[in-house]
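Shared chain: chain A. Partners: chain B in the first complex, chain C in the second.
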Partner chain A sequence: MDMQATKKKLNLKEKYRAMTRDLDWNPSYQKLEDIYPYASYEGVKIHDWEKWEDPFRLTMDAYWKYQAEKERKLYAIIDAYAQNNGHLNVTDARYLNAIKILLTGVTPLEYMAHRGFAHAGRQFPGAGPRVACLMQSLDEIRHAQTQIHSLSNYNKFYNGFHEFTHMFERVWFLSVSRSFFDDAVSAGPFEFIVSIGFSFEYVLTNLLFVPFVSGAAYNGDMGTMTFGFSAQSDEARHMTLGLEAIKFILEQDPANVPIVQRWIDKWTWRGYRVLTLVAMMMDYMLPKRIMSWKEAWEVYFEENGGALFKDLARYGIRPPKWLDQIAQDKDHISHQAWCTFYNYALAANFHTWIPSEEEMDWLARKYPNSFDKYYRPRLEYWREQAAQGNRFYNKTLPMLCQTCQIPMLFTEPGDPTKICYREADYKGEKYHFCSDGCKEIFENEPEKYIQAWLPVHQVYQGNCFPEGTDPTAEGFDPLAAVLRYYHLESGRDNLDFEGSEDQRNFAAWRGQATTNA
Partner chain B sequence: MSFELTIEPLGQCIEVEDEQTILDAALRAGVWLPHACCHGLCATCKITVLEGEVEHGEASSFALMDFERDEGKALACCARLQSDVVIEAEIDAEPDAEIIPVRDFDGSVQHIEALTPSIKGVVIELDEPMHFQAGQYINLEIAGEACSRAFSIANAPADGRRIELNIRRVPGGVGTGWVHERLALGDRVRLSGPYGCFFVRKSLPEPVIFMAGGSGLSSPRAMIFDLLAKHDTRLMTLVYGQRTRAELYYHEEFLALAAAHPNFRYVPTLSDEAVESDWNGLRAYVHEAAQAHFGGDFRGHKAYLCGPPPMIDACITTLMRGRLFENDIYTEKFFSAADAQQVRSPLFKRI
Partner chain C sequence: MSTVFIALQANEDARPIIEAICADNPHAVLNEAPGMVKIDAEGRLVVRRSSIEERLGRAFDLQELQVNLITLSGHIDETEDEFTLSWNA
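After this line comes the complex of A and B, so read on.
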């Protein structure tokens, strides 16, 4: 007999389900609490993991296929870029310093994200979020690898790119982004997904990516730009995961709302602090500017974030704390950060400079309320001093904020001439902070933050010298020892751009490439 | 010139203009497709083209790979039709949706009455019956203006020949002005329909809450009459608000309905009724009335919201505070030109 087999083709949703959640099972000889030991201590209550809606429906087989083709394309472009000496097409060799920050300060975060999502992907009791986190974990390691490969080309020619993993764990300013992610990956799975999946990927990622990727495009860096596009095609999946996670947690139990609120406050502020580096990069380090930090903040945070927080209000979530202070700060932080690095250029892996007249005019136009009044006079004074042979490099170490680990360079809300200091006592010790935000974050979890590895404290405790160093020896130069410990070569990797080896080499090679001399 | 686009698994058919993207056409037709960047970079809006030809526009080669183009994938936010096209998108099929092709219908005006100082009840007798689901709307052609306007059908489908509309006059409005001033008994009219996915999900067993304000009573009225006519026994509550008693049209009808059907509850409310009047019902906005009636807890319900966008917004907030979320809320916003173009976050898909 001829039976008509009318098996309906599975639609995308059913297919995804079959290949993911349906592979899950209920354990019979182990207790759930033992299999997922981190699922409850954060206080988040989940009643029904089945309510998790898969934010995207990509099965593993399709995933490999996509990523493989992305790699093929990306590497074809990176290879061509390398073969054609694409590095000589960038606008100006000062641009290289922006991507030194990208490679040393951001790329390791991709790797940290990979680890964090792998951990969350193991610890969530629901199969839906486990699979989603696992995929993001794979994306992130791909981002780390492709970013390293895109930038390794520069390492062949220029200084400061070498040993970025070594530097990431030691160099003073890199501890800012490092401690941010350490904080996230050492939290429970729920806080991790709110901190990175939601606050960072959704609320702040555009402020990180757009400046570097558009900055690359504007400044002739096709390799980095192509990497950016290839990563951006994963970004939507990451953002949707962050949004689904926050909706799911908020809908599961009203008791979750205040917990999530505290995380949103904390992680928006933590993320915003890390972005100080990006702010400085946008306003000072890109030879051809995209937009000012202030403009980027207004578009990507105030407008887009505004619409988001209006929707979140329906869950009883209010906008993150300290936004009023951020609104005042947007006129200042990029300048304050650049001034600090100009001071400490002795101990960084990139070069600094005083902006040209034309660049100062651009800054004055973009920052009519602050630049001419507070920062131009400072920069002009330093330029004058340098011209007279008094280029000042600060050799003492700054006090760091216990939470964000940024030197105390930010000013009081409402008074850009006064450095903001806060302090708290805990178990008989005094701790210092750059702001009310960082202080409150500390006070919510003091046991966590008293463990912070603060580069300045570590230097003073003698923990940042190469093995075998004798600090009591005659003529001991502590700064030189610290630089050796960082694997930075003084006079080559650090100091001013003017007169640097990068500057000389770029000019010579570009000259060879574009003239017959 | 325009092409026809069929969206699977809904089976919904829509018109797409020459320069219009699939995403734009779908969203405008009330079909939500996943999307994020809207310019070809993020691949959130990826769809499968089952039949026909599309042009990929500015789709990034990372977001839409070559092999995917060969496999018939496209990005809805960039793709434009080169022929009639059938696509499959990542949207959930609605088991309660009937797939009814949109058609043009002619009819004549059988009855007009002033329901309130600003709302007219218009009854149209169609020449041929139109099949529709209670809650859907039609586009009424505005004679002499070469344009049409959306109005929800206020009666249950029954034999399909009778179309009741409740039309509120928009000050300075072309279409509603024409209805209020020019449309007369016996006039011939043309309309197209049925449109929309605002209908009762009958397969879901939960009790329902209808929330209506202004002329937004039309769809819930059709839905309630339809459910009761089909002897549906679930509990249904209508929270219905107007500003004043004079505007509370169909009030007596709903009182009678509530008296006759124990599973139908009627909660009328007025937001701007003179203090000294003899109204002894609630004096509040719709969302406040619902909050009071349900004691602020909406769990375990399905809610259907219909009316002007600000009312819908306030109601959604109240429902969510009372722990009823997106998946249990259905809305029909009476958008007009005045409400288009607002910045939205992608947190919510349908509401």
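After this line comes the complex of A and C, so read on.
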């Protein structure tokens, strides 16, 4: 026969092999350790990179095809939402304050994730993880860009969204999420992939991008729903990369188990602390709620994380440390965080408020063990004080935890009325911590954490005033100078929602949208 | 047996996929939330290309799942015909 049979199309596995492993080659001019200089210092032993499996078997050609489709859908919706003044359809303008935290506290992390995965992808000697990290690096810059594009629409109308990159590097509470990611990207490639790929993506990001984004949909915010779910569609692949990375590392050598275990303990605790902000956003900042933080925690961490760690037990991995404290904390952290921000609303880029009576009843139903007993009386007292003209804004700077950089707002395990303090001595200096977890993380790597840029310390050292400020001048107001350094306009970007420009504008514009007045 | 899950956007693209998953996994439980659905299944959940194609009336590549996928849990095994989620313990 002179006619060739049509060559069979490659199946998924063959195509994946051809487009990833087969594009790799063994270097002969340079030594492997010179090409991948970071691959061994963390102590992780890899004997055979060929054993790496990518279950999605996604190749670059398919990657571009599906990502392009996601982008077409996303931008069509964002455009329509903006053209139609969709922002006036949100339930209540208080909601926008949650989105301010998202833009200033989370979007820059997407960009850092882009950098981190680009770096890890460069440093792994195996072709499989290099391709997977490259795709995730591209996903993450897409997340940063789509969030900025969607949220820039709100910046046209509301305060606190401006100069988010400037704020990210300066504002006190934003150092919590910033230092978390700086910690991860300054680790080696293996720790990075365990920290962000596994602990954060697999165990924790569902809590941010699933119930919170569904909550955005419920509150009429089509922009956030769209970018949130579009980002999350990549997340399934990221979670799979994280899980594969862990399984691969653990299967390669038994000596890797204790190294990975310490990273899992560290990064679950670090990520969990960062999620305190999300807990508060879900319980206090969504005017219409779909589930409480505690319920989301039970579904996505306790149930799903439980199944995951049961599965990983066969490698000798146990669930992360400090779970007993985490289990108690779920009744408290969202309330403790909101109370703290209510206190420090003078120095934030978003507004605070006391929940309405109806919202307090909802919180009491969702938190029968804690809300009425510990937090409702506090909120009612502050409401009463504000009504009498005594709204108190705290001007004293709080002590921060050296590791997570969160103010000392968490309570002792077993006693929600007592603030938890821990301390450690290192080279003649005293360091302070919010918990046993943060203290132990510090003690494992003190040389790293003594370099922390703690916003409160920096203010007291005079490093957070605009250039040319004279702190010795008569009547010097340090907090006003710090706000100028943050590029926050006092009376406009900060303080209570009640009486804010956002509140007045939203009411006026919504009025125009629904009447002819 | 631990539970695996898959969550998809609640839109027209995903509707036939959700229907196919529910038909192929009678033990699965469908949870609806604003903008999304989450399908929980004990032990194992399978997404079949043929079932989706039947409802869609056109050829479907299982990798198209990625476009409307929100999240999932469990180990993944993907071939041209089936996408399976499972836990080993």
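Heads up, the rule we're going with is that the second predicted complex is superposed on the first by the 509 of 517 C-alpha atoms of A that agree within 3 Å, B and C clash if a C-alpha of one lies under 4 Å from a C-alpha of the other, contacts with A are read in each partner's own complex, and residues count from 1 in each chain.
As a working rule, a residue touches a chain if its C-beta (ideal position, glycine included) is under 8 Å from a C-beta of that chain, and two chains touch if they have at least 3 such contacts.
Computed from a predicted structure; not experimentally measured.
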| item | value |
| --- | --- |
| Which of chain B and chain C A:A236 touches, first, second, both or neither | both |
| Which of chain B and chain C A:R17 touches, first, second, both or neither | neither |
| Contacts of A:G215 with chain B and chain C, given as first, second, both or neither | second |
| Which superposed partner A:M225 touches (first chain B, second chain C, both, neither) | second |
| Partner chain(s) touched by A:R94 [first = chain B, second = chain C, both, neither] | neither |
| Partner chain(s) touched by A:N206 [first = chain B, second = chain C, both, neither] | second |
| Touching partner for A:K70 - first (chain B), second (chain C), both, neither | both |
| First, second, both or neither for A:I290, with chain B first and chain C second | second |
| Which of chain B and chain C A:K310 touches, first, second, both or neither | both |
| Interface residues of chain A shared between complexes with chain B and chain C | 11-13, 56-57, 66, 69-70, 73, 229, 232-233, 235-237, 239-240, 243, 303-304, 306-308, 310-311, 313-314 |
| Sites on chain B touched by chain A in the complex | 9, 36-37, 41-44, 60-63, 65-68, 88, 90, 92-93, 316-317, 320-321, 323, 325-326, 343-348 |
| Partner chain A, residues of chain C touching it in the complex | 2-5, 7, 9, 33-36, 38, 63-64, 66-80, 87-89 |
| Residue numbers on chain A that touch chain B, as the complex places them | 11-13, 56-57, 65-66, 69-70, 73-74, 229-230, 232-233, 235-237, 239-240, 243, 247, 251, 254, 303-304, 306-308, 310-316 |
| Residue numbers on chain A that touch chain C, as the complex places them | 11-13, 55-58, 62, 66, 69-70, 73, 206, 209-211, 213-215, 217-218, 225, 229, 232-237, 239-240, 243, 290, 303-304, 306-308, 310-311, 313-314 |
